[in-house]
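Naming follows writing order (A, B, C, D and E), and every chain is counted from residue 1.
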Amino acid sequence: MPRTGVFICHCGTNIAGTVDIEKAVEASRNFPGVVHAADYRYLCSEMGQDLIKKAIVDNQLDRVVVGTCSPRMHEGTFRKAAAEAGLNPYLLEVANIREHCSWVHKDIEEATPKAISLLRAAAAKAVLNESLDAPELEVEKRALVIGGGIAGIQAAIDIAEAGYEVDVVEREPSIGGRMAQLEKTFPTLDCSACILTPKMVEAAQHPNVNLITYSEVEEVKGFVGQFDVKIRQKARSVDPVKCTGCGICYEKCPSKASSEFEMGLSKRKAIYIPFPQAVPNVPVIDRDACLYFTKGRCQICEKECPPQAIVYDQEDEIFERRYGTIIVATGFDQMNPSQYGEYGYGQHPDILTGLEFERLFNASGPTGGKVVRLSDGKPPEKVVFIQCVGSRDKARGMNYCSKICCMYTAKQAILLKEKVPDAKSYVFYIDVRTAGKGYEEFQRRAAEEYDVAYLRGQVGKIFPDGDHLVVHGVDSLSGKIIEIKADMVVLAAASIARADSPELGRIVGINSDSYHFFNEAHPKLKPVETHTAGVFIAGACQAPKDIPDTVAQASAAAVKAVGLLSKEFLKGEACTAEVNQAECSGCLYCEAVCPYSAISPVEIEERYQGGTLKRTVAEVNPALCQGCGSCTVICRSGSINLKGFSNEQILAEVDAICLQR
Amino acid sequence: MAERNLEQLEKIREVVSQDLLSGRIELLLGWEKGHYWWQSRPLFARSKDDLAKLTWDSFCAVNLSRYLLEELKDHQKVGVLVKGCDSRAFNRLLQDNMVERDRVVLYGLPCPGILDYKLLAAEAGPELKGIAEENGKIVLKTASGEVEVKRDQFLMAKCRECLYPDPVVYDQMLLEPQGKKEAPERFKAVDELETLTPEERFAYWEKELSRCLRCYACRQACPYCSCRECFVEQENPRWQGRAYQPSENFLFHLVRAYHGAGRCIDCGECQRACPVDIPLQELNRKLIKDINELYGDYEAGLDAELEPPLLTYRPDDPAAFSEK
Amino acid sequence: MRYHYFPGCTLKGQAKNMESTTMAAAAALGIELVELEEWQCCGAVYPLYEDELITLLSPVRTLAAAKGEPLVSLCAACHHVLKRAQELMQRNEEARKKVTDYLEVDYAGEGRVLHFLEVLRDDLGFDKLAEMVKKPLEGRKVAAYYGCLLLRPSKVMQFDDPENPTIMEDLLKAIGADVVKSPYRTECCGAYLSVTEEAVAEDTVTRIIDSARNAGAEALITACPLCRYNLENCASEDGKEPIKVYYFSELLAEAMGLQFDQLMTSALERRRSSDGNK
Amino acid sequence: MSTALNDKTTGYEPLIVAFCCNWCSYAGGDLAGTSRMSYPANVRVIRVPCCGRMNPMFVLRAFQRGADGVLVAGCHPGDCHYSTGNYHGRRRLSAFKRLVEFAGFEPERFEVRWISSSEGDKFAEEMEQMTAKIKALGPNRKMRDARWQSVT
Amino acid sequence: MATSNKTRLVDEMKMQSGQDPNECYQCAKCSAACPVTAAMDLLPHQVIRYLQLGFEEDLAKSNTPWICASCFTCAARCPRDLDLARMMEGIRLVMLRRREGNKFGPADLTPEQLEKLPQQALVSGFRKYNK
């Protein structure tokens, strides 16, 4: 039988005022296993803790029960004290006789027996307590950032600045992401490239940052502190070491393909860099478009390349690396609005999405920075912007608000007026949402100074008529049907999750919402954490957001990652599940309900009639287990148990609490 | 003689003896006649000679799938004759990772329902010597002559409300399937009990469960009871008290039924095995009914790929608490 | 290819030539349309409210009469009502029970309910049709007018893309006409408003016709007798060149090389032969 | 004999065992205390990590040993500290509640509540109500183990 | 003006149509899509707004539900998945049942119209405006 000591705190009069301490101490002496009982005015004080430590040593106590405030308050304090006296901290139990007793009951005649009953339950549980150790996990001092847009770049720079190595995996040939596609940024109208390019260069030149472009994450194994990640580096067909970025190859290349960066509005070469400021400035051969790869002839780039950097037989390379933490920053896509047949997107060259229209302003864009109709090259006189195309639409689109459209539409209307002073903009909107520093002022400027007509309502249909697009809409405020003979129509298509985000989520082990945006661990208090320890999210892969929010979130995720990397060891959860493999029948129901994928099947050998039999049983990875105990309930034979809250312990508490009957 | 159809039996025997001979299976689990003409018991056939004892009659009640738990330890490949319920039991074991699909050959036998000797004897009196069957009719043979009765009325309780008489999983279907059945009264007893007051219901169960000897025959017969050590026998913790008293009987039966929540295939073997006729299926069906009602229709054992309802959830699940 | 055929009232009255031309073309294409016995009016509009099941009796009786075999109609309104009634029977168990109990029929929403255009597209195929055309309508500039009832609600009708349908243009292509696309081809003509609010119908029809004319069309085709009536009677022409309105079947029959008297004969023959079959 | 459970007039004071999840409901109970709310002393709380840890056998054991009512309290659905524990708990305990009612327990004897860590008032209120309902029902004899007698 | 949300018209309309006007956020796409707004005294989105606010008497006077041709364009494009055609039908039905008479009948037609109109038009017209 263990030797238990019970210590009861007066907490001044907080407990002693409604609980008869003397009676409680006396009663405690009679609990099974109790060899020592004492009380003190303030047990949490240094004197109080010393009293416990001394008693542990003097009485050779191997279990301790403290009757005090809530364990959520001082369990840590008392466990530390017990540990200082040489006891495993998990051998101490707390009876909450303050918050759950003396503070909620007025009558000493009621509170005293209840306190005794709570103490008895704690003592009964303590008898069954075992020494526990929180697993110590080594931390690989390197971070992985998936996605090289502004979120990934910012997070990588922050981590690198804190002194840790960081790898950025980017799918495209260059980092830069969506922000690189933008002309100007709201609400300050500073040029997107002017503020992004220095960041891209900083990331590329930072000794702690390693850019792995034209690459994708294929597999993530392991857990916080030790993620083993498989990365596929796609064949660039260009040797990045030899390449000087002179650009002769793509100047001379005779084959063209649609440019992804320009949203398909113009062509690029088969060997290309996506945009002039690309980082790294190393071209890549699009093997589907290259004449050499498709027809076996040409090889002009190879002939023309001064440093002979073209490598046609380069192959995809797969390598594996270990990381302590992962930040997912994979950004967003724009919905293809062609399913909205009434808008005729895809059937008329002058009906564009917001991102496509954005490219028309850019000097290196499809029109060389001239805002003109793609049908006839003439500058538009009337441009109609339609908001919420696919957003806030539960019937055919996404139920959420895409958050950025109101602002970028105002921005584009302003830019349009500056480029084409005679142009008139009309914006059909449901609500204008401009929460953000300087946002409301910016949108009002569009309406007041740039003569943008805001029409509260929607468009029923666009009827192409000769050179024009007849936009049939309504202004609900005046109750008038509005018909505009427009030259161009810009659809604010919804921002949506990347099509492959569920797949990436599965690889990395994080879940997403019904729209496939990644889920944060808590909507308010853990906005960059995920339910998988050590994996953080930043930017528009979590939900649509603008650049300031994205950058803020990226830095937040970086701090979380750095916090983790700065530790020598990570302390895991001590109260984890464990499997009695001799009893486990291997049904693996526990695996199905575990929210942390901490349970997996394992094959064991068992003696059977002189020989051995192989069979499958469950196994818990204590580094992943967070101790929720859901597995213990689905296990009918009780073969999986939770340390610290075991079946035996809880039953003992029930028995003890009911004993007064 | 109670052989329902010698032709059917011959066909079964032909197929399985070929498989035994060719080594496709090492052991066949089937039925043979027991002590009395109204009993058919498991047959463990390893040879053609063993197969001579094979029977397929209206008394092949025993669910053979459960025997796989033991037999697969000693044999690499086992063949099993499965009725509708046996096949669902097999799916139960499969879903619980108790058997490997490719080590078992299932021979499907669509089942017309098992006859209940007690009912036959009650009709014919103690002189009942045997029966003959034809076209949904039974001829009761007694010393004083023969009486023809309708077959339906003499089915075992477990068969009367059977929805799936045809095997739902098999490698080879040996007889003509008969299609899904209607079971309009499957939940009748549960419905009726639900209309009682708590006091009346408790009195009902107190009376029924007072007979329980805790022989655990129900557990032994059950395809969902596949634990290596049942909670009732565990020492640490001692979930189940050993004493024969009402409280412990309630504990056993409630927990036994609860362990089948979302898993019970409603084969009724527990109730058939019970020597004191406790209506165990009512507890199981209560859970089936409620889970269907709360979390959508689910028939355990129909499809081993479908996740059992207690292994999953939906964020907008309803709850049965007074606060939703 | 043999189908049950539900004509509906209008095809026995004002829209006789839609039926006769279809019958003749179908016969030439090897499609057999067998008129249901003792059919009744479909009700013309699908009931949009929940508590009046009585208006469903007639379409459900028709659906049940097809015994789960493919059922074809020509009039857009009839097809709309039948298709939606079928969907309700599939979806709403309570309504199904009430209606079928009342009718004493056994029907749970089975069977394909088709518009004749769908037969041409899905069962015969426009490619095959194009091969069988005898007299392509070369140089004829024709626009399709879809109206509402075939397209919407698209989840139920599943006829074609509700905003950008192609089935009628594909038919026109198959019979060799020059296809003209007008942006107003799916806009409503005003429907029965021509009965009570003629001004409204005039407004909608004029827009449809002007749009087709501006796009270069000389003629319009439709699958709906009411659309045709409105297009022919409600437009304000103001001295503009009038546009000819046809049923799609008229042009189909013409392309199959069938003349009017031939049409009459074949219709008579059909009647005779089906009488003979009985 | 313990005095607390003896009502001075009727002689009956029920025992209610409340299993509270560590993260929401137990903290809600703490808040009720810090806010000096009051509820009947009949309620005794056992701390569990999550309502997904609630094995129905714990509930039955409490009834066997003399509890008159059992309450399980957890985080509101969607707010589980372990993200899915209370979703699983909700299914398991819903099925279990119906089963014990089927066995003849009054519905009030076993309840489940969602109480967040900020709902000290709700915690106190629920304890008050549960106690009142059980008092009205009277002592539970169902499944009570006759051998389990008062020791103190 | 009545501003109670719970008027009989709204309740009956909800019951008949299975559509809840509160789901509408007034984007007015229905009005933009409607081909027959020219003759309406209230635009379709305004009808829904009136339903939301319970302006029953004004709705009773409005011609909009009677102008609606059930072309289903509004419902096809509504981002809130509301079936406005059903809602208009619901209002018509409630009004017709209250009126205990018909809004339109054979007597309102000229012999010429009766001669020329397709049967489909007559039947659907009577069905929409009669009870």
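In this section, a contact is a pair of C-beta atoms (placed from the backbone, for glycine too) under 8 Å apart; a residue touches a chain by one contact, two chains touch by 3 or more.
Keep in mind it's a predicted model, so treat the numbers as computed, not measured.
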Co-neighbours of subunit C and subunit B - touch as defined: A
Which chain is in the middle, if each chain's centre is the mean of its C-alpha atoms? A
Could you work out which chain's C-alpha centre is the most distant one from the centre of subunit E? B
If every chain is reduced to the average of its C-alpha atoms, which one ends up farthest from subunit A? C
Taking the mean of the CA coordinates per chain, how far is subunit A from subunit D in Å? 37
Between subunit B and subunit E, the Cα-mean centres are separated in Å by 59
Inter-chain centre distance, subunit D versus subunit E - centres from mean C-alpha coordinates, in Å: 54
Please tell me the distance, in whole Å, between the geometric centres of subunit A and subunit C computed from their C-alpha atoms. 54
Residue numbers of subunit A (touch at least two other chains): 342, 461, 593, 634, 647, 651
So subunit D residues touching two or more other chains come to 56, 61, 84, 88, 92
Multi-chain touching residues of subunit E, meaning two or more other chains, are 38, 73
What are all the touching pairs of chains? A-B, A-C, A-D, A-E, B-D, C-E
So in the complex, which bits of subunit E are touching subunit A? 25-29, 31-34, 37-38, 43, 45-46, 73, 77-81
Subunit A to subunit B touching residues, read off their complex: 582-589, 592-593, 608, 613, 616, 634, 636-639, 647-648, 651
Contact residues on subunit C for subunit A in the complex? 161-164, 183-184, 187, 211, 214
Using the touch definition up top, name the residues of subunit A that touch subunit C in the complex. 340-342, 344, 347, 461, 463-466, 470
Subunit D contact footprint on subunit A (complex, rising order): 27, 70-73, 96, 98-101, 103-107, 109-114, 116-118, 121, 521, 531, 575, 593, 595, 626-630, 632-634, 642, 645, 647, 650-651, 653-655, 657-661
